[in-house]
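I have a structure here, written as structure tokens, and I will follow up with some questions on it.
Order of writing sets the labels: A, B, C, D and E. Residues in every chain begin at 1.
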Amino acid sequence: MAATSRLASCLPALLCAGCGGWQSALQPGGEQAGHLKVLIQLFTIVCGIVWLLVMLVLAAGLWRRHSGTPTGAAAERRSARLVGAATAASVLVIIGLTLASYVATHGLAAAGADPLVIRVRGSQWWWEVTYMDPSPDRTFLTANEIHVPVGRPIRVELAASDVIHSFWAPNLAGKQDLIPGRDNALSFTVDQPGLYREQCAEFCGLQHAHMAMLIVAEPAASFDAWRDGQIAEPPAPNDAEQAAGRLVFTGKACAACHTVRGTPAAGTLGPDLTHVGSRRTIAAGMLPTTRGSLAAWIADPQTIKPGNNMPMVPLTADELNALAAYLASLK
Amino acid sequence: MRARHLLLAACAFLVACQREQRDLRTDPPVAEALGQVAVMPGGIGGRPAAIDRALGHPYQTNAYQLNQGKRLWDWFNCSGCHAAGGGASGPALTDGSWRYGPDMVSIFVSIRDGRPNGMPAFRGKLTDEQILQLSGYVQAMGAETASTAAPSRNDTMQARASENRAPAAAAFPKQVSR
Amino acid sequence: MRQRIAGDLRDLPLHGLGTASLTWWGTLAFMLLEGTGFALLIAIYLYLASLAPEWPLAAPPPDLLPGTLVTLILLASLVPNYLISRWAERQELGKVRIGMVVMSLLGVAPLIPRIFEFPALHISWDSNAYGSIAWTLLGLHTTHILTDLADTLVLGVLMFTRHGSSKRRLGDVQDNAMYWNFVVLTWLPIYACLYGVPRL
Amino acid sequence: MGPQLATAQPDPGFSRLDEITVENAGRLVPAWSFRTGTPGAHATAPLIAGDTLFVLTPFPHTLFALDLTRPGAAVKWRYMPPPDRTADGLTCCDAATGGLAASGDRLYLNTLDGHTISLDAAGGQVVWDARPAHPQTGETLAAAPLVAGNRIIIGSAGDDAGPRGWLAALDAATGRQDWKVFDTGPDAEVGIGEGFRPLYDPPQARDRGVSTWPPAAWQQGGGGLSGAPVADPALGLVFYQTGHPAPWNPDQRPGENRWTSGIFARDAASGAARWFDPINPHDLYAMGASGGLLPTPDGRLVHPDANGFLYVLDPATGKMLSATRFLPVNAARGIDLASAVPIREDRYVTVQDRTVRDICPAWPAGSNAQAAYSPATGLLYIPAATLCMDMAARSASYIAGTPFGGADVRVKPAPGGEEGALIAWDIAAGRAAWTVPERFPLRGGALATAGSVVFYGTLDGLLKAVDARTGRGLWQFQATAGIVGRPATFRAPDGHQYVAVLAGAGGLTGTASAKEIDVRDATAARGFANALRTLPPPQDRSGTLFVFRLP
Amino acid sequence: MSPDSLPPDIRDTDLAPDVLEPELERTWRTPRGLIGALSTVDHKIIGRRYLVTAFIFLAMGGVLAMLMRLQLARPENRVLPPDLYDQVFTMHGANMMFLFAVPVMEAVAVYLVPLMVGTRNVAFPRLNAFSYWMYLAGGFTLWTAFALDMGPDVGWFAYVPLSGPEYGSGKRADIWAQMITFTEVSAMAVAVEIVVTVLKQRAPGMSLDRIPLFVWSMLVTSFLIIMAMPAIMVASTSLILDRLVGTHFFNPAEGGDVLLWQHLFWFFGHPEVYIVFLPAVGMVSTIIATFTRRPTFGYLALVMALIATGILAFGLWVHHMFATGLPRLGESFFTASSMSIAIPAGVQIFCWLATLWLGRPVYRTPLLFVLAFFVTFVIGGLTGVMVASVPLDTQVHDTYFVVAHFHYVLIGGAVFPLLGAIYYWYPKIVGRMMSERLGRWVVGLLAIGFNLTFFPMHLLGLHGMTRRVYTYQVEMGWGGLNLFVSLSAVLLACGFALFFFDAIRSSWIGEPAGDDPWGGPTLEWSTTSPPPPYNFRHIPIVRSGQPLWDDTETLTVAAGLRVDRRELVVSSVAEALPEAREASPANSIWPLWAAIASTVMLISSIFSPWAVVWGAVPIAVALIGWFWPKGTPEDEA
């Protein structure tokens, strides 16, 4: 237990020291989130002013009691007029904010041409990602990490395989639910290269807290290189330990749930591990991908992420080592 | 009044804590002990692991474990051969007739080691604990009496009445399997 | 605080009837509650129908005969129901007694074709959402009839005891009659929904 | 099983015998019967070679040789190949029972568990025993071998578990493998080379068996042999239908999934591909291209497909001459002859995790109920299943040796309530000449005779004879079990025409499976159980051969 | 005077006050002993029980909240495992909404409405008793289940499919759904009583424009309950049916729909917010009027605002579903309607401001609570405007921003006025004053603690912290603010603890209150503190909206009701002209039996659908026993 929390605590250091705000609505990395930030600021300012005004009136009302209270019909009438005026003003504010909201909605809905289509399926408690392509042999599956090119519109098609999840990358766009039996989609464009974080926002059971993924925004060229690398089969084991790990992987329970292309393992119950070594995190954004964390995760997934669907498969220390080495080598 | 409440609560506790508890992590020694079933020669019948009895047969009585078993049923392609229990390449399991007996050990062994007429062995594909979860569920789907701990329907195409309300023999006419 | 008597309540009638009766208003409030419930169920029915590729799902439209019989019996029962309400208002205990017996019988009568109404849906509640909502609508309305029937039976027995002559009990008879009207009236949109929508 | 050109019987669907006619068929009486003692679907037709009638039971197989010269056709010999029981778990819902062919004094036997065995027809001695298919990976041999010259052509089945389908030729004398080509994967393995002239694929495209799949998906892509291959000795070609891609869930395999669910023409000598017609590319309903291939005397290839359309092809080039609807169909509006592809109705396109209701036809429409073509009437007699289905595609996980499915299915009657029909199809006119509706789907083949009689069996065990020109019922016989095999007719040594049929319908579903099926589960037997809830159980679970003659 | 000696049909006009009061006492009293306690139908006793129970649930829910704050104080904390945390936050939400917020408002109403409208009991006293027992049973069910590790763990909203048959294993979600049935049956029963009491039992002369604002707010609230609660009953029943007998309401594979649940739930859930808030509007209006020594400014505007809020409340349930991908046109409509509800709220605020402006505020604890209410509730209302905007909501929905928002609305908008109301009416209920000194501490601690606790949550939400997470990772950078929030929550908890301490302490050593310690204008202050079982010696006659301010010395009353049995006056709806004398039911044990029978049926029906059939028999027996005349004077009337 202590080991895992220590492990978890060294994640930021490994990923990007001090990259606070990688999951924040106030630090937009793209056009849509930028619009939303402006809207948030507008509403905050207007609401703040309204609150201040109300408080001022309240304070003044409480203050002036010392100077004698005017009574009588005239004061009542004046108050009635003031209340009427305040009501009218609030109607105007409401109309203004509603219009601003409409305008923002329309701005967000204007999707760009030739979007990159990424299909995301939420499962308890990880994300399956399919990069779509007109040519089927260039479609591929990955999990818990998406790469997107900067500047190109991205269309994320959302589906849920079990319960409702919600896709929320606040730096890039608002959230959209993944609902069993319904199709949803979300479009955004990323302006700033960088690392963003996305997290499930709809309560989805035990490990709702640990259902995140990284969004890597990079220039088109490096994105294309990444994509070609993902389409290719992973490298063959290049030492005896990795080869032994591969044998463990295909021979033990791993192969019943996971896929590594180029091996007989083609299960789809868990994340596709073809290029797991190239991903920054494992366990849906929980641990950095290192040989050590892989070994820790495989050795005791239920302590690290209680209730998740990965069983604790009995392995010897040698098997565990070899397996971790093999998985880490799947770049 | 309070004493009676306490008594009632105690009774409810005894019944309920077993069937609702969620043990998300099984200690490796326990997990290992769970697989230690004694099997009769021929692979039919036997003695369940001592730890299973000590825990109160959670894989037959605990709602969470049974529900996990139900999820494994589809995940590990059981439905490919047995459909929703009605059978296809594999025999029906809902009809209350068992080739190798309805007890947990026989079901466990059938899944773990396979059976000659096409039932593949799942040893090494599932852990012993998962096989036990699955066995409990399979037993519930062909049980003679309905169980409130058994799961209800899935969010999928309706195939048949759910386990918690459809015991194999009681609720329906017997002559169903042909 | 000192009190000054300024009003005289002595000559007020004991127990108002109709809108002057608390029970009448209570019954009305419960009718509002249950009516909202039925309206919501009908809304669910229409909502699910609007989502489905075809409606009914995987079943032919329900047979008309048992449901129509129920409707006719319910509509016919409105006549004695009106009469019993009037007799109760006029405090004609003898007639009310006969009326209660008749209404008890008319409460049982729709239950008989109702038994055949469930199979006439040609679908089970656990087959699909159409079956679920159709069974729920029918089941709930059956509960509705059953509860009012129980009420009628108890009131009927009461009428034959020494409590029967009380004005208050006669008021209850009136409220019970009003509630029966509601039972009949809620059935009509349900009938239209269950039997009409699948035939659109 | 299956039309076998260039064998002892040129066309088992049509017989030139004409002793039994429309006039006298009503007087047919049982001559003798033979109980096989095996439960399960007896889907192979009795095979008559010389004075011997061969009966093959379902897996675990027993091959009986019945001597027609002796009274009551006593058993001359019997042969029981040692079974690998693993294969039993691989047969579900289609009539996949191995098969038998005869050539000269040899018998060639495909067993479900992957053996191809050559036997001496006279005494039943094993000449050679090869094992080209391995049930552990999901492969079976479901159809009869095709004897093409000195080669035995066989193909693997078992698409539901995901093994790559293949077609192979064995040397008839030794059983050694001559060539083997796959139905998915790179061109080199598929046998695509210079001679491949596809009309409906891009001419220069390479490795379509890889590029029309997501990366590596073709390795578990199924697409085995569906039905039996057909040879055209004149062209030197073998034609066969490829099975459906795996898994059933189409969303897991975007792309056209070549070369599954289509019709291949290959050089019988080398296995090299000549042409390929995609019938159901990116197969949504796991139909494959099943339904049978029939060469007609006017040099056409007729294919009534499971998708409800009847295709007429030019065997030399693969050109699709026509495609006409013959079953109730709503999943496609028609076939685009330019691309050979069904024009799909969006409403019935499956989407993962959705239930798509009332897709017509249902997958069993492409069962192995072989049609028969009668040159005498010019009509094609199609024993049809008029079924629709609800299908919900679901994510399927590949676990080697277990079913790679990913669909919940519920089969039900087409609108109208009848589940089957015998359709007499006028190929020239492109419409049905007449139709005999049937309560249950027809799972056995049809037999047409020169006497203008059509024989076929039903799942509730009736053997029926109808007038080949009008469909008028002439005669029927209640067998002890459902009939899922094709009737056969022969002239016995006594000079008279006999009609023989194997009754024995297996499990509930009239399929290979002898397993118990619980019909309360609507998805049992891939949903077929739902269509057959009212089918009465057989009087006798064993198969029985019934033989009839005129009195 | 012994009962036998009293002649039948004796009227209160016939007796001198010193004879009349003991006689009325004898007629209306609740007998001593257990049976008497269990069979009472006195609205004051039941209201008091309701209040105490609701506050006990508040305390228990608060403990759960502190547990959550403990777990969230540090990243990757392992105090509560996820399974327990899910139960804890579900219990907190369900407990606060269903066992505290709604019942406590009803409790106040059950106690005060008859007093404020000048009658002797609620309209259906036995139903009132039944409703309390059902409420108690519902709460007991939920907490027992929690103690048995089978507490619901699907959120207080219990979204399907997570709460459905496939993913909600065991009986946890059923417990939640059945707890709903208990509390809603109870709430609907109270709503019916309140509606009929307000419409038909008002003191002669209390025409519609003279009804106290608190009574108005409860009338509107009760109508909201009657219209909204059936939705949650329908929803929870369909959920149980889906789980127990395999119906398909929420199964998309068989024609059901996942969003149907959300529509049904929020069709109830949004009005629910106003069911909690509108009584607070009434309380604020009442407190402001009393402590500014003038009638509330804009009586008609306030009543119209109440009604408008009640109507609009049904038009904006979809704003809880903006992230579900509904058609854009619908979303726009619901944006507009959601924002427009700010207008009646604004009217209310402006009227109160005007009242404060025109009056002479007296700064006693109740008014201090109202001032705390102003500061916080306006923030909650304005963030409400923010979440009403679809695009903005897609960023803040299901984050801690929303957690902050609705706690501002519910605690700032409803609990602060409620506590003010407790301070205000405590002397009437208990007969003793609460401590003014402690009260100021309570206000201070709560107002500061609350804002320190919840304001940072806005920021946490905008910085990406989602709701209902049992932990968060170190690198998210939320650790500091969360620790701050957790520490501030201790301050808030201290405030509540001090309140409870004050309330308990004052009940025996508080300063005696007298009839009207605050100089309130409404009828409840005209009778003794605590009021006698019969509430009023004579039924008051009302001639203005502030009867006690307009007739400061004497109360005009009407007389002529019988003394030997429970009688009250039924009056007309609009003008409140006396129409009839009505016998008010005597004490009865049968409501308790009916509640016990219902409990047995509802709990067993979680396990078997047949329980509905056999469980209906004892319920029928209990109901017949309830209604069958027992020969009491009231029955014989």
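Throughout what follows, contacts are C-beta pairs under 8 Å (C-beta built on N, C-alpha and C of every residue); 3 or more make two chains touch, one makes a residue touch a chain.
Note that the coordinates shown come from a computational prediction; the quantities given were computed from them, not determined experimentally.
S.K.: Determine the set of chains touching subunit A that also touch subunit D.
M.R.: Touches both subunit A and subunit D: B, E.
S.K.: Quick check on the contact graph: shortest path length from subunit A to subunit C, in steps?
M.R.: Steps on the shortest route: 2.
S.K.: Could you pull out the chain whose C-alpha mean position is farthest off from that of subunit D?
M.R.: Between subunit D and every other chain, the largest centroid distance is to E.
S.K.: Look at the interfaces B-E and A-E and say which one is made up of more C-beta pairs in contact.
M.R.: Top pair by contacting C-beta pairs is A-E.
S.K.: Using Cα averages as centroids, what's the distance between subunit C and subunit E in whole Å?
M.R.: Using C-alpha averages as centres, the distance is 30 Å.
S.K.: Roughly how many whole angstrom separate the Cα centroids of subunit B and subunit C?
M.R.: Taking the average C-alpha coordinate of subunit B and of subunit C, the gap between them is 46 Å.
S.K.: For subunit C versus subunit D, what separation do you get between their C-alpha means, in angstrom?
M.R.: Once rounded, the distance between the two centres reads 61 Å.
S.K.: What whole-number Å value describes the gap between the mean CA coordinates of subunit B and subunit D?
M.R.: 38
S.K.: Can you list the residues of subunit D that touch 2 or more other chains?
M.R.: 353-355, 390, 392, 396-397, 399
S.K.: Could you pull out the residues of subunit C that touch at least 2 other chains?
M.R.: 57, 126-128
S.K.: Residues touching two or more other chains, restricted to subunit E: which are they?
M.R.: 81-83, 161, 166-167, 242, 245-246, 248, 251-255, 257
S.K.: Touching pairs of chains, all of them, please.
M.R.: A-B, A-D, A-E, B-C, B-D, B-E, C-D, C-E, D-E
S.K.: Going by the contact rule at the top, pick out the subunit B residues touching subunit A in the complex.
M.R.: Listed in rising order, the residues of subunit B that touch subunit A are 22, 24-26, 28, 31-32, 71, 75-76, 124-127, 129-130, 155.
S.K.: So in the complex, the part of subunit B that touches subunit C is made up of which residues?
M.R.: Answer in residue numbers: 153, 158, 161-162.
S.K.: Give every residue of subunit E touching subunit C within the complex, in rising order.
M.R.: Per the touch definition, subunit E meets subunit C at residues 11, 13, 123-124, 127, 188, 191-192, 195-196, 199-201, 204, 226-227, 229-231, 233-234, 238, 241-242, 245-249, 251, 254-257, 260, 263-264, 267, 515, 526, 537-539, 541, 548, 553-561, 569-570, 572-573, 578-583, 620, 624, 627-629, 635-637.
S.K.: Which subunit A residues qualify as touching subunit B in the complex?
M.R.: So the residues of subunit A in touch with subunit B come to 180, 206, 251-253, 255-257, 269, 300, 302-303, 306-307, 309, 311-314.
S.K.: Note which residues of subunit D are touching subunit A in the complex, please.
M.R.: So the residues of subunit D touching subunit A come out as 210-216, 219-220, 252-256, 352-354, 395-400.
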